[in-house]
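Take a look at the structure below.
Per-chain residue numbering starts at 1, and chain names A, B, C, D, E and F are given in the order in which the chains are listed.
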Amino acid sequence: MDNLISLWASSGLAQIQLGQLVMMAVGLTLLFLAISKGFEPLLLVPIGFGTILANIPGAGFDAAPVYDAFGHMESPGGLLYYIYSAGIETGLFPLVIFMGVGAMTDFGALLANPKTLLLGAAAQVGIFTTVLGAVTLSHFGILDFSIRDAASIGIIGGADGPTAIFVTSKLSPDLLGAIAVAAYSYMALVPIIQPPIMRALTTPAERQIKMEQLRPVSKAERIVFPLTLLVLVAMLLPDAAPLLGMFCFGNLMKECGVVNRLSDTTQNALINIVTIFLGLGVGSKMSAEKFLNPETMGILALGAVAFCIGTASGVLMAKLMNSMSTNKVNPLIGAAGVSAVPMAARVANKVGLEANPQNFLLMHAMGPNVAGVIGSAVAAGVMINLVSGM
Amino acid sequence: MDSILISQGLDLLLYGMGTVFTFLTLLVGVTSAMSALVNRVAPDEVEAMVSAPGQASALEPRLTHIIQAAIDQHRGRK
Amino acid sequence: MDNLISLWASSGLAQIQLGQLVMMAVGLTLLFLAISKGFEPLLLVPIGFGTILANIPGAGFDAAPVYDAFGHMESPGGLLYYIYSAGIETGLFPLVIFMGVGAMTDFGALLANPKTLLLGAAAQVGIFTTVLGAVTLSHFGILDFSIRDAASIGIIGGADGPTAIFVTSKLSPDLLGAIAVAAYSYMALVPIIQPPIMRALTTPAERQIKMEQLRPVSKAERIVFPLTLLVLVAMLLPDAAPLLGMFCFGNLMKECGVVNRLSDTTQNALINIVTIFLGLGVGSKMSAEKFLNPETMGILALGAVAFCIGTASGVLMAKLMNSMSTNKVNPLIGAAGVSAVPMAARVANKVGLEANPQNFLLMHAMGPNVAGVIGSAVAAGVMINLVSGM
Amino acid sequence: MDSILISQGLDLLLYGMGTVFTFLTLLVGVTSAMSALVNRVAPDEVEAMVSAPGQASALEPRLTHIIQAAIDQHRGRK
Amino acid sequence: MDNLISLWASSGLAQIQLGQLVMMAVGLTLLFLAISKGFEPLLLVPIGFGTILANIPGAGFDAAPVYDAFGHMESPGGLLYYIYSAGIETGLFPLVIFMGVGAMTDFGALLANPKTLLLGAAAQVGIFTTVLGAVTLSHFGILDFSIRDAASIGIIGGADGPTAIFVTSKLSPDLLGAIAVAAYSYMALVPIIQPPIMRALTTPAERQIKMEQLRPVSKAERIVFPLTLLVLVAMLLPDAAPLLGMFCFGNLMKECGVVNRLSDTTQNALINIVTIFLGLGVGSKMSAEKFLNPETMGILALGAVAFCIGTASGVLMAKLMNSMSTNKVNPLIGAAGVSAVPMAARVANKVGLEANPQNFLLMHAMGPNVAGVIGSAVAAGVMINLVSGM
Amino acid sequence: MDSILISQGLDLLLYGMGTVFTFLTLLVGVTSAMSALVNRVAPDEVEAMVSAPGQASALEPRLTHIIQAAIDQHRGRK
């Protein structure tokens, strides 16, 4: 009879709290969005599943291990605890992902037209105005964000998942769940968020601008570029060195052509393994107390604002560049500067084709697209530096 | 509820965007210079933009070989 | 001269104890069974090799690292020590394997005929009667097993390697070597153990029962099933959530169709890497003092009993179901309820074909077969819960 | 040598098998209900039991293409 | 304004020291050698890149994590710190690499002609005479090497990267950078270093010796060999058991034919992942204070001497064997005994073809080539044992 | 600057090379004996030196099948 009571007492039904139930529903919703709607499934399937696991009452997925006085393990920790403390708290998983992303990135379009780096810079305005928005909300007592929280929320506008996770895990680990979910959700929503803004800020004539064909790029340029970027980062912005260093390492492995087996593994087995565990680990931060509060609604709203401002800034920067140069760029590719690789570049191409069915912008948009990755990594570095000293 | 927060936010905006623009503008110049230099030093290796993935090129010789064998056999049988 | 003495003193011949020599022979025997006889080679090759490594005198494969008072490492630990403490003591490796197994499991047959879940339940009787057998031996002073030991021994009857390793590493780590070896050996011996029992408990007419063709199962059902199972586990049996949660996660990745690259890596690189290290780590527990004692003989004997009772229970349950329903099942597929995927299902098919060469039972037997995996994971969860409170 | 051990074993047998049977019996019902519900909500997607592995389908277009090219070439040469 | 100062103060330009700048140039040079000259790129690309990362001022790649008094992490460590302490300080990465190398090694040629093991033994003379050279330099006050340093330097002559890293990380971790760079560089230079020595020590007639065709080797021999080697190591030289044990394990997985999926992963995803991190971790030890000193020049010089003496010893041993047997071996294959698999065997083949265009020595040279791997692992074991007791 | 270092180096050379030679010479004998024994116990399994990589043999049936299908189709179309 005692055993029956013990079984019942340990069952989920006896222990569950409303918050956990709601969070399970949140996890199921994320899975639904990922599977049925195609929202960044590579991350949102593990995050959604991790959310459910972390909220099973009594399962101990995020329990820390218990040691006795002599250092012997009395009870082991939960799977999600180990994943989070080994891979996310240390920053290792986002860095390994960034290495993999580097090994999958083609800088050809950027090298053929380096001016597009400016579009990738402009689109980061979304990050910093959102920081300002977050502190303003906090100043007026509407929501409660510290400057560290605000910086982490701003980085959603970088439209780059691993960068957002890296910054948030350093500055505001409690917001990790909400910020990661917002970042990946809005990246998936890029085809819905961006086109209206792009159309509102451009004339049909501008959208029809044909850009000259990109020059071919030599193998040597492709090899030297990641090293050039690395040295520049090392000299000027060491705070951005972890993210951009691993990014350049991955890209060098891909381009140098002599370590193809390492590059292949980085792009496949390694990034896949780390993606699974990164997602589960992020899910472990999706607890009711951290997610079910007004701040999360604020984060979602501010994240959307960040994407919109970033998109607008990129487009306006392209128009500014056109006003100062005879070599016109189609302002639509400015929107690709937010990153969200390669979705934002495809959106630019699609909106461009609507204006002129012969005008293929995809390759041109890849330049600002990868520039946006560099831009938000730089923004992440400067933010970690400044905020840590505040 | 203090205005320190606002001023910190403004500082981040100012110095943050300043750094991002300075760094990427510099990168425009450095990248252009790098390309010019590299293409002067090693001018011959210019190749098309289409990059073949490593694995494909590793598989193809074997595939080609097998297919050739299959076709030879097929032709021989006729 | 001192050096010569040092070399001789550090040689294996000077240090070896009889027990280590016998354990090396045990390791070689396991390798022979795995390589020549095909006994579950994916696990028994690493376990056998790990057994030899762990018993090399003076090689320090399972030595813990030594730190000085300031926390600096004085001497590093051995390979097997690190594997065991990082992957097995924490439970991580069995859980990752379970995720991989989930990604390789097809629930189609189970979904087409959910009643076969009852066969998977019945076959777990082997687990619990063996627990009773073990405590009885202990009660009469024949062997010395605690209730934790007995529970770990019983789980051999679950015919599921990672489940057995997960439970034993939590309840009776000292028995890990013997129990893992017994579990994998008997899984390999399923084609020899099961058929006589299946024939003894069925009439030729029963063995010839033709089952109706399984209905097609939709993609949506396959996707929703692992989530349904997860929610049911979360609500009713959180103790089974680690194992079944990871199992459902792997299965969802496979079935959802939007994260194929994650699913592929889970089924290949990831599960292979973890299998190698899991096997070596289990081998590190194969020391003479823990393996060469009467209890090991008891474990081997009780494990065999567990398999036999599980097989019989599955067959008898099928006969019971037939006596209460007009929709007959061939009782042979009840034997597949022990798990031992997919060997037990193949055995059911083979014995069925002997009775009627036109009667293909393989697909029908896959239902109870995967139900058995769920059944033993549930049994594992309830056992960990109850035993921890005793 | 105490009978506590025996009674613990009996408890495990009773509550363990009870839980296993209860849980899986419940799962029979829940699964049947789930299938009925899912197939009512999304009835069209029924597919055959044979499931093609992801990797195969990823490789095949390229294979098919290469093979077609090989055969075209072979036919051309005749 | 404070922020501007903070940004400038944290920039690389403000912090960089001359030593770091020189080390970055060293890193770029290693990358140049790896990419343009094909110097062992699989290791030297990660090592070179790791060198640059480790020398970025203020980036903290090799910073240790900081914990507060309660054991909570205050700031996480750097990527290279985690890699080094988890994988290199513990010896895990070299051991996993050795398992992978074992899974890629074909002992067929060695089994067909076991006498070539003697050539692999002779070539290790380079290791020990270099140790003597290093202590002599130290004795006369020219450079400052302890006996541990000398042993680590000598192992460069083993021409086997993971062995050198394993020994050095145990005996002289501060020299790890210099020794790993020397070992991989000279392995890449084998086609330049060896031929003059080989030609100087042999007559044209000797270089034209045709060896009889190797007998076919049975599958059973291939399976039993790694186990035989393992047992012999266990009985006689447990100190060599970590390296040779993992090597034999990898080889057994490859040859036994029943765990192909484990063997494939070991040879691909697993060894690639570990190679990337091993290289980065070695790079983290390439700091100015440890690398930019006269000892490094001494290490490079002694390493070259070690390769030369090893090559010469192998060739001379072959001549000695010929003087005592009627079954002649071509002395060129003796040079392959240094290891440097498979480069040294190819060099032997090439020099042989110069003397006689019909004489293919490649398969014959593979025997001493893999014997050299065993030989230097044995040397590593005995060195660790003896030096630890000195 | 002590001669202890030199004597330690000499010790390493002496005992080190001694061990390496002893061990590998022993291995020559043991390996030869092992081969003789194994080939007497299991004489039939002698195979050629060329070893096919596992993955290739796993892929080939599928490849062969696809190629055969392609060729059949090609033949059928004529």
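The rule is simple: contacts are C-beta pairs under 8 Å (C-beta built on N, C-alpha and C of every residue); 3 or more make two chains touch, one makes a residue touch a chain.
Because the structure is a prediction, the values reported are computed rather than measured.
Undergrad: Taking CA centroids for every chain, report which one is farthest away from chain F.
TA: Chain centre farthest from chain F's centre: A.
Undergrad: Taking each chain's centre as the mean of its CA atoms, which one is farthest from the centre of chain C?
TA: B
Undergrad: From the mean C-alpha coordinate of chain A to that of chain E, what's the distance rounded to whole Å?
TA: The mean C-alpha positions of chain A and chain E differ by 40 Å.
Undergrad: Measuring centre to centre with CA averages, how many angstrom lie between chain A and chain B?
TA: Chain A and chain B have C-alpha centres separated by 19 Å.
Undergrad: Of all residues in chain B, which are in touch with two or more distinct other chains?
TA: Chain B, residues with two or more chain partners: 11, 15, 19, 63, 67, 71.
Undergrad: Could you pull out the residues of chain C that touch at least 2 other chains?
TA: In chain C, 3, 7, 236-237, 257, 264, 268-269, 382, 386 touch at least two other chains.
Undergrad: Give every residue of chain E touching chain F within the complex, in rising order.
TA: Those in contact with chain F are residues 106, 108-112, 114-115, 117-118, 120-122, 124-125, 127-129, 131-132, 134-136, 138-141, 146-147, 150-151, 154, 214, 216-221, 224-225, 228-229, 232, 236-237, 257, 260, 263-264, 363, 371, 374-375, 378-379, 382-383, 386-387, 390.
Undergrad: Across the complex, what residues on chain A touch chain E?
TA: Where chain A meets chain E, its residues are 89-92, 95, 170, 223, 227, 230-231, 233-239, 241-242, 245-246, 249, 252-253, 256-259, 261-262, 264-266, 268-270, 382, 385-386, 389.
Undergrad: Any idea which chain A residues touch chain C in the complex?
TA: Where chain A meets chain C, its residues are 3, 6-7, 10-13, 15-16, 24, 28, 31, 34-35, 38, 41-42, 45-46, 49, 52-53, 56-61, 65, 73, 76-79, 82, 268-269, 272-273, 275-276, 280.
Undergrad: Looking at the complex, which residues from chain B come into contact with chain A?
TA: Going by the criterion above, the answer is residues 1-3, 5-6, 8-13, 15-17, 19-21, 23-28, 30-32, 34-35, 38-39, 41-42, 45-49, 51, 54-55, 58.
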